[in-house]
């Protein structure tokens, strides 16, 4: 029997979506859906809910919860990963509050920046433990990583962990439709091409019948920038660098040195930048979950309509050999020729029975490659820190972060890193 | 209006298949199908036949024949190329008869070997003329090359010609089904991977549910080798080098120094090698065509069922953005990491609205890369000859051909090349 | 007769040093030393002085001044370039004063940063004119570039200009001796290795008898940092990133976002950073020259002792085939494996009759590669601007500069670029 | 105290030359010269002789013989390797006699071909044992490999062994002087460039004052080919492929399929090819040594004049940091851009205190790259066999050898390999 293992299955809503999709997919009937989480209470919630849904949907899949990680992974053909290490409380709070003392403000802190660096440092050891288990009990399984920071974790699983890993993110999928909806443009018959790095991939081409639509997009976007809206940073980046980026304004604001600047406090309002956005979302999500939980468990029927989430379509393509195309995160084996080969990149991938095969992109426009490289710098140094266990590389990662370096002196960056290391305590391994 | 131009449309049967497929494809209705050939009689035949078929099928495409090449290409969105330069008589006859005087025997002579070298030398200038016209009148068109020698011509069109070209061959498509049919094995649920160079691509993986099927394949193949059959060379290569190759035994026999050997005349019978096979086929084909022509023009209804030929599925994928996967010939932009980057390779490609995007393969097993390199040597030197116009590189190409070098001395190789250059006369440009 | 052409020969002191060395080199006797400058008065000064020196030294070289550029270059075997475009007044003044209005302070402005970008933009067209002339009258000559910004100009001459160019800078030569002198350490028997990019190359290895000397260097440097001295930025970079850099503190201060920060005005004093240093030096140099000029022309004998300047030793090695090793700036043909291949890098090169042959370096430590990449970003975008003539790439270059991006908003960066373009007037070509 | 260890010191004559050079080199006084050989009798001979020579020359080096390998290597700064595994009797005899039964004739059999393959297979395990010892007792030592087959053994020591290794061969050094002597041409002021693979490196450039000397060389060589001489194969290769090769005719004859051909027996005489040359030389050398031994031990004074052998000049450059240039064998880290990166290549290297640093070459002319690739094929497959222990890769190596493949059928190649494996017995590890 084939088996799909879901790591972090206590994320009930996400597990419900992804595994609900699986239950609705003809080619995946008969699979065991193995659930694993370190939080047993939430694991049992998910098990209960998924079993209800299975019955409601009449699916031939089976659902089984595991408290033993290796048992959960044993014999898996696919592993879906959606863990979070350290949670909102205490780790996310730490990631935001300590930098704030140094005057360094953030919005999401799950990708790059000082928050992204520490989120990586506490997640990498856990993921490498998964990899070690997998080498023993399911070395050939495909690992679908949904956990952020995407680029670094996918990189580490592939290179250090030695596990066939693809990183999956919604930002590629929704990039074009979001833009066209916002600008009131017709989406029929579009030809598009997206590549770069996760959360900073670029809409390299958007045309219809051979006609480049960027001039019209930019004209409408310029008009829209005259009023306040929720994607002002992203539109500004497009006007300045020529291409639309996959990640939202609240994320993008902290990937660059241009928006959150002590010297220019007015930019926060001008670009409508929601500082401390992620902690707010966490609090709401926690509150929202307890409401939803009650409702879900009260209902007899758990309905589900197959979503647009990549996972079930990929699994279907891999089982049926009917090709499917995704924007996936993979190692840069010469795919984007002007980004470092040690980087993890987000490129079109072909999915079918042969697995997930990345396609060749070539050179990015030079300004886009340059922007990507500023972020890759911090990614690679974070990996260096995690792999060598040397504290100095944590400082390097932080000092190379464009936003951190713009705002703080080297002394303050180092002091802030030391404070963060201390505050995280056992959430981090010992650094020398 | 969108336009598909067919170069060499006088190949009526092939044009009928490919363009019949197009006529039956929903997404391609309304396209102009532009026919071009230097042989006006055959061009008119094709025009008449395709128009009959169009009516029989009720297609909304239009058919138009051109005698002016640039007019045929003007504004084309896709160009399909199926020309043959020099024909059976005189050029193929020359390619076989002169080497035979030196004791060098061939089977097909359309890929590598001395025949392949000269077929390239007379075709490259014609193809580069196409490229020059296309640069003027349809620089963004995709060029689907069906003309052999595939690897060299596709290479030249991409690099020297500067035209977006993919080379298409049936050998990848039929490789696995042919093998499994012959061995009486079940083809359901196969996972396969094929990559290499045209006519020498390798079935790198063939499995079902994670189980490698090669041991069973090799066991059955060994059994079959005990009797005479038509694929003995290919089975022998698989037993010796571990992997099945895409091209048939009659082709493969002349790509290596192992089969057609003056020192071992018994190998011809032992491996059932049909020397001079291609001229025989040409004669039959010419005869067959005149019979078929009569029948076709006599019939009221020209029926057509959509074939498995790649072209219409690719065009459909490019127009509808529904992904399709092919084995295509493209430049080796780091795709197969242990073959030269100047080579044209045959790898899985993703076809959709973004065009034809090759996927990453990585290293071939070292013995397969080595065999491919022996053939790439001659390919690259043939291109060098055509691009520089230097006769010495023709000699180099021939001297690096594994079969030619095994059979003849350097003096004989050079003399044979000189004879061939003289015999081809104006079919070749002047060499210095 | 063999010929060495000196472009920018009006830089009398530098021309005297380099060509004085040539006159003292046995293997270079008999060469014509061709002088060229657009300032005829200074050209004549140099001619007069070099002729005096030639007689004093009894050299068999000849000296000839040219006002026609193509005549100066005609038949040259070597071309030495030491031009400056736009001079202190007006261009350097502009490069410093306009950014100052935006609150952006600089120290040298001849490499990177906003001043470096515009210095490149006005110099590239002049250099490409040289390249065009050379293609006509001395296409095989070696071009020794001494003009800054070194990395970009050497890159452009090699790639766009198609001229065999090596970039030469004193910073590699003096790096180790300067450090060891300052720290009172013995320089005998050192083994050292330096590589990176110009003005940001790294002392990757410094050892004696297999013993790494960095711990002792860092201990002494830490001690020295307790008092004020002239290399405080460089020592700080070494403590933070682990390696000593080739360029001085006054240069290095503006290559990073860490030192000149409006938010941390105290860093200027703490690291003893001489803002506006280069304009001060220019004024002194201009004053110094008129004093020196008088003295030189008054003296009967112009003495010269062969200096340590690379040029004459390289010419000697190229003429005699006795190998000589330099740190040279060359295209990154896979030499430093974790820097972009489009970049110009500074690596050990072997000089002999075969020319200037770069050696393989491999990966830099990741934090050093990351720092280099932040500077390469601006270099490549500056080249993009110069080659395409598109103003947007000037903005990109400035926005990717780590120091500029840290200090200014995007609006201010763009406005500042516009002001600089206007102020430079005809010193720049028209941008669209 | 510094130490140079000589592996295979029982090769008394070679040890005397290389270590005599060392004794005469100022910068190497005080070094311990550690001798190691598995043949204790010959080891003692060398010890006695070198001690005599040391006294005669008044050298400050010390000489010490070791019978324990690890003790010999312990603390070495440099290791010089000149071993031979299996000797003339039995292994070389086997390498020649068994192929002869199959009608496959050889001349030297120390590089490629069936003899080269088996010479590699018995030497690689011994060399990897050295590497293992060195990892323990002198991991930073430089390994100067003089043992053939050069390309494969140097490759394996660098990649599998993890030891800094350079391969040294006389063929580069003597290439130009030998050619010019033979043709009566003046050698003053030559500019030359040599690169390729060991024993098949190419004289890419030979000029004087910018004038290409190849036309004159080829004119004289053509004249010389009219009579019988000892370099006829090499001259023929130059006329056919355009460039002179570093290795002698007796070697080159067996690297290609063009010269030793059953179908063309007359070529042996025409190109004056000395079949079975190496066994003859071995017998003479063994005889010669016993004469020489007697004489040497009878004499009071052992004189030595510093030879042109690379080793002492390299050691001097590494100790004094005075640059020296060699043609060395190193891994192809992007140095020759159209040869596989897994190959070991022979390129100009800079030797100084930084070690042995290879220089960048770029593309070879395509016909030369093609010829090199045919030989690299067999090299890489031989390494594959040794590393995996799989017999099939031995067959692959032999089947890809151009000369073997031209002469024999696949059945005969496999049977011959099996015979050789059996005959070598314990000289080879077990293959599966």
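By written order: A, B, C and D. Residues from 1 in each chain.
The working rule: contacts are C-beta pairs under 8 Å (C-beta built on N, C-alpha and C of every residue); 3 or more make two chains touch, one makes a residue touch a chain.
Which protein is which chain? UniProt says A, B, C, D = Alpha-galactosidase.
These figures come from a predicted structure and were not determined experimentally.
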Touching both chain B (Alpha-galactosidase) and chain D (Alpha-galactosidase), which chains are there? none
Suppose each chain is reduced to the average of its Cα coordinates; what separation in Å results between chain B (Alpha-galactosidase) and chain C (Alpha-galactosidase)? 54
Whole-Å distance, C-alpha centre of chain C (Alpha-galactosidase) to that of chain D (Alpha-galactosidase), is 43
Can you work out from the touch definition every pair of chains that touches here? A-B, A-C, B-D, C-D
Could you list, by residue number, the parts of chain C (Alpha-galactosidase) that touch chain D (Alpha-galactosidase) in their complex? 140, 190-193, 205, 210, 321, 323-325, 333-335, 337, 348, 350, 352-354, 357-360, 362
Which stretch or stretches of chain B (Alpha-galactosidase) touch chain D (Alpha-galactosidase) in the complex? 236, 240-242, 256-258, 261-264, 267, 338, 340, 342, 366-367, 370-371, 373-374, 377-378, 380-381, 384, 392-393, 395-396, 399-400, 402, 405-410, 414
